[in-house]
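Each of the two complexes below includes subunit A, the first together with subunit B, the second together with subunit C.
And now, the complex of A and B:
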């Protein structure tokens, strides 16, 4: 039982962590919290099942197509819901515009794909047992994403430009960095990461339109606790959340797990609004 | 005497507007009252659903439309209320309760959880709070599914049946109707009270609300309590209307419906969201083939509203505020009315800073500052950019805690980091960029300044008890008088975001006067004013100080400073470079070389 708690917990945790990173990537480039993170996770599973199980494409082609769709949806998100309201960011209209867009996509999925959870195809025939791909695939995806992002941010010019925008977009613009293009690139990247999370986690979570709101919340918890914009916080928080949830599920039942996560979330935010590892706030007057 | 009486005309115009505003409600009420004459149970059920949704949305409207908190998962209150009422009536967890008592319990549970979910909003805004309500809605549904003994799990549980006089059928219809009318009445009362104005102020200009003494946590907790209770009651009624409830009945889409109804209606309106709720409840009944697309269409509608008309229906209906204002307006303050606004008793205390120090990182913004602002005097604070003028103001206002030293008013040490407590000490201020409550009228903007003088409680305002009405009358009269003093009384009913920049500066002064300040701090009040306006402003400031108020004036216009100040302090690099009478300062060698120029 211990092995199954750990393997399942870490796997779910890796999905949460990836969704958390999706929030971060969008936030860093635009100061926008986007409700589309959970949607991307949901789409990763549904589109994967559509391409591979329904249309019979090879797994690798399916994966590439899913990630490409993610990137396109990321771009659409930026164009349709973020750019028009960026000027009045103080009014927080982006909360509503991204929510509206995410809901439209979710309903479209519900109508076209169906409201029943459907199985996701096995990609690699190892297992069953704790070596089963459904457990290590999300963890691998998480590791690859983290390493990839580190390399991108530290080693490449475009990555440093991302960091500059995240640090101080005003100064970065004054230096002549193309903020708009970088923002679009960030949203496309977030689309890829989000759908990757959904794709690799879908054998566990199934291809289900209802995953959207679950991933939206549980993917946000590690970000809120770890501090906005911190990918390290998102990974640590995500894995811890996954383990805690599974342990509680096995030991005391699902109700307690859900309530406990929510209680911890509220209490931490009340005590430290900037997150456990986050920095403090800006000047108001 | 005739010229010292404040013009009453705008007040009359306001009460006329109130009668005009009541007409749609009377029409809606008549339709609701007479609908049973059709004797069509299908229409009856739709109407009951609209009433029930509105009971929830009326409360949610205060949270979303007035306080500007994005509570997207408020359906959880409906779920909680429904299951509480149903489970208590059925007696699955306790001995069976009487249905009406169970409904009250549903409201109480809604109120409790409304506060719990609302807590994060006290410290965090927007997305975090939106997420909390969303997460809570998800969790409530999960618990309803899992807690089989009480909720029946996925199979569900029967809803309560209310006995006579509100038994199923038209009895229950009138029950819903009465409660919906009650909810409307109470939220309308609250919205037009000082609490409602404070909510809008928190939404549009939180800093100004704080400076006026609005205690945000207490106010928001009260609003969440009320909105949660209405949601819980709506839930109990919903369970009865459905006659059988399962967790599937409380989808997140429903939450979106409530939310969108409010946004379509427009923020800061009650009629708009009510119409929005009715339309969104009724619409799917006429478009049966579109039912599975309804959420998609709601979401698309939300996106369109956000992108195209963020103001909602209420903005489109607000024809009065589209009438052009007079083009060449002149602000003519009437300082002679000041004696009626300020009573001399409130002044008389010295505001003093003793050896105050504050640094930001490695920068010493204030390095050992002593300052004394005496009642009845205008004290100028000047200095080059970055010399610490505004920082000094912010220390006095309580935004920053000094690292050393104290700020006192008379003998009392002012608590650091508590800007919302400054109003209690009768310390008022204006801001470098005017903090206006854009969606509210000029009169409302000024009335905010008198918040701490209100005596009635939140509950008294909900029910318009006498103390609430006295508060309102007094605040309105005082605000009209303050507006007459600064010369804006003709614009009292105009929406504040339509004023010119110079008018906003005078409006802020009127708001500050509402506090009958012992100390008034003005942060660059002359910036952006014409030469004529600066002259009138100067006369007004002097007149205010002669009533016994200590005035601290931060300003860059050297002429104004030397014209009206009794005492001037020059700051440089966070220290006092020179202090004295204007004449002394003007001839001070270092000041001339460092700041004024030869």
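And now, the complex of A and C:
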């Protein structure tokens, strides 16, 4: 029982954490909470199965193509759903525009790919058990992503520019930073991370259009738990969510497992509205 | 332009002439085709059933027309693809009943569309024949002209319960469903039926179909002493996870349930082909292999399908047979009772033991569910050959 809680919990948690990071990367660059994160996760699995299982491409080529598609969809998201509503961001129109775009893509996937879950190929033939790729691949992807993002943000000039935009976009623009290009790059990066989450978690979650809503929601939980914009918080929140969800599956089971997850989520937010890792920001008046 | 008395008279004469030609219409209609409104879902997410049923329906209509039709009149299928969308089915009903004036409506073929369309077909007083399983679709008071040529959901669940309790003689049963309306309604209906048969339901739960790990649920079933698992879901992902987890646990328990257990989508998601062993899904006695042979009517039907070069490899025999039965039933009825709605309904109300390929149909004025309980059986899901399955072990031949 313990082994199953840890292996499944950490693997699913890593997928949730990556979707949480996808939300964060888009949010940091634009202050827009884009509901396309779950869509990117869903597409990672569906496109991966399409390229590798249906079209017979080598796994590595399939992965590169999936990530490239993710980047393109990220750019399209920025152009179509974020840029037009940035001027009136306080009206929260982005909720509608990003959600509508995500639903359109989901329906298109349902029509073209089908409404039945389809298998995702086993890429590395080790297992079953602990060594099965469905457990360690999402965790590896999560580790690589968080380390990569830390290096990007702290060691490179472009990473610092991302941080500057996230901190204060007006000041960054005044310093001559190309805000629009950086925002587009952030959405492309989020597209890559979101599809990577879906690709690495697809053997467990299957290539299924319905994964979009699950990932949208469960990917949001680590962001809320870990604090908006905090990638480390998202990783901790995501892994904790996965472990708690899997423990609840064992302890209470059935639909009560989901109820237990929501109950804890609400209690945490009541006690710490800024999230477990987030710091409450002082507002100058 | 002024209206003169002469113009009014001339207009009246034209009107009278056109009325007279209208009155003469029945003489011409005697040679016109008899229209049957047909509402399959040939595209969209629920279309695989529709495509299979369509092959049988088209074959039967072709056979009837090639044999001289109905007293010299051909049957014309007015096909409206519902695209698996209840709204489209509803729009098509209005057109078929009011503009096309069809004699009978065959379909819709999916329950979701039939739930939306049935009240409208009843309102337009058109005889309706459908193969959908949802119990509420037949109600002789609300829909006195609607008849079902397939089993109900209650019969389907009853068939599975009968197999577990009376054929396999297992008394401790685990019943699981996903959280959809179909899943929860099935469990709520079938569990009391199981208990009434003397079975002990040792595990009963609804689980989110998206849950990637069902091991906790199967461990609970195992520790409760379950001798059979009965999953009620049309979600291939959910069902395959049950079968894969059972395989990984090395648990040799039979899984008995709905037809999706035996679908190609479920098969595609299995980690090992052996995970499909000891899995039994609903099927129908008349179209199942018993000791390697199909029943006589089905065997003869398969020969005809082969002769007509009708593809069977990508669909199921029972779908094609059901389509053929529907069209053949309508043809036989029109031949015996003519195309008037009341005569058709009166004829159907007296139908007793009509020998279809898919099933034997009996209707009475009080009962428009025509399929016999005894023909709802279980089959071995891993035995698919030419679109048909082997009868599950334990049934008397």
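Methods note: the second predicted complex is superposed on the first by the 277 of 285 C-alpha atoms of A that agree within 3 Å, B and C clash if a C-alpha of one lies under 4 Å from a C-alpha of the other, contacts with A are read in each partner's own complex, and residues count from 1 in each chain.
Please note the rule applied: a contact is a pair of C-beta atoms (placed from the backbone, for glycine too) under 8 Å apart; a residue touches a chain by one contact, two chains touch by 3 or more.
No experiment lies behind these values; they were computed from the predicted model shown.
S.K.: Putting subunit B and subunit C on the same copy of subunit A, do they fit or clash?
M.R.: Superposition result for subunit B and subunit C: clash.
S.K.: Quick one: classify A:77 as touching subunit B (first), subunit C (second), both or neither.
M.R.: A:77: touches no partner chain.
S.K.: Decide which partner touches more residues of subunit A, taking subunit B and subunit C as the two options.
M.R.: The partner that reaches more residues of subunit A in the superposed model: B.
S.K.: So, A:12: does it touch subunit B (first), subunit C (second), both, or neither?
M.R.: A:12 contacts subunit C only, not subunit B.
S.K.: A:214 in the overlay: touching subunit B, subunit C, both, or neither? Say first, second, both or neither.
M.R.: both
S.K.: Tell me the contact category for A:114 with respect to subunit B and subunit C: first, second, both or neither.
M.R.: second
S.K.: With both complexes overlaid on chain A, does A:145 touch subunit B (first), subunit C (second), both or neither?
M.R.: Once the two structures are laid over each other on A, A:145 reaches no partner at all.
S.K.: In the overlaid three-chain picture, which partner chain does A:133 touch, first (subunit B) or second (subunit C), both, or neither?
M.R.: Touch partners of A:133: none, neither subunit B nor subunit C.
S.K.: Quick check for you: in the superposed arrangement, does A:258 touch first (subunit B), second (subunit C), both or neither?
M.R.: Both partners, subunit B and subunit C.
S.K.: Once chain A of both complexes is superposed, is A:200 in touch with subunit B (first), subunit C (second), both, or neither?
M.R.: A:200 contacts neither subunit B nor subunit C.
S.K.: Is A:249 touching the first partner subunit B, the second partner subunit C, both, or neither of them?
M.R.: Only subunit C is touched by A:249; subunit B is not.
S.K.: Considering 74-82, 128-136, 146-154 or 398-406, which region of subunit B has C-alpha atoms that clash with subunit C after the structures are aligned on chain A?
M.R.: 146-154
S.K.: Give me the intersection of subunit A's contacts with subunit B and its contacts with subunit C, in residue numbers.
M.R.: Overlap of subunit B and subunit C footprints on subunit A: residues 110, 214, 253-255, 258.
S.K.: Which positions of subunit A touch subunit B when the two form their complex?
M.R.: Of all residues in subunit A, those touching subunit B are 33, 80-81, 84-85, 91-93, 95-97, 99-101, 103-104, 107-108, 110-111, 213-214, 216-217, 220-221, 224, 253-255, 258-259, 262, 265-266, 269-270, 273, 284-285.
S.K.: Which subunit A residues qualify as touching subunit C in the complex?
M.R.: Checking each residue of subunit A against subunit C gives 1, 4, 8, 12, 110, 114-119, 128, 204-206, 208, 210-211, 214, 246, 249-250, 253-255, 257-258.
S.K.: Spell out the part of subunit C that touches subunit A in their complex, as residue ranges.
M.R.: Within the complex, subunit C touches subunit A at residues 45, 179, 205-208, 210-213, 215-217, 219-220, 235-237, 240, 248, 265, 268-269, 271.
S.K.: Which positions of subunit B touch subunit A when the two form their complex?
M.R.: Of all residues in subunit B, those touching subunit A are 70, 72, 116, 119-120, 122-128, 130-132, 134-136, 138-139, 142-143, 146-147, 207, 252-253, 256, 263, 292-293, 295-296, 298-300, 302-303, 306-307, 310, 390, 394, 397, 399, 431.
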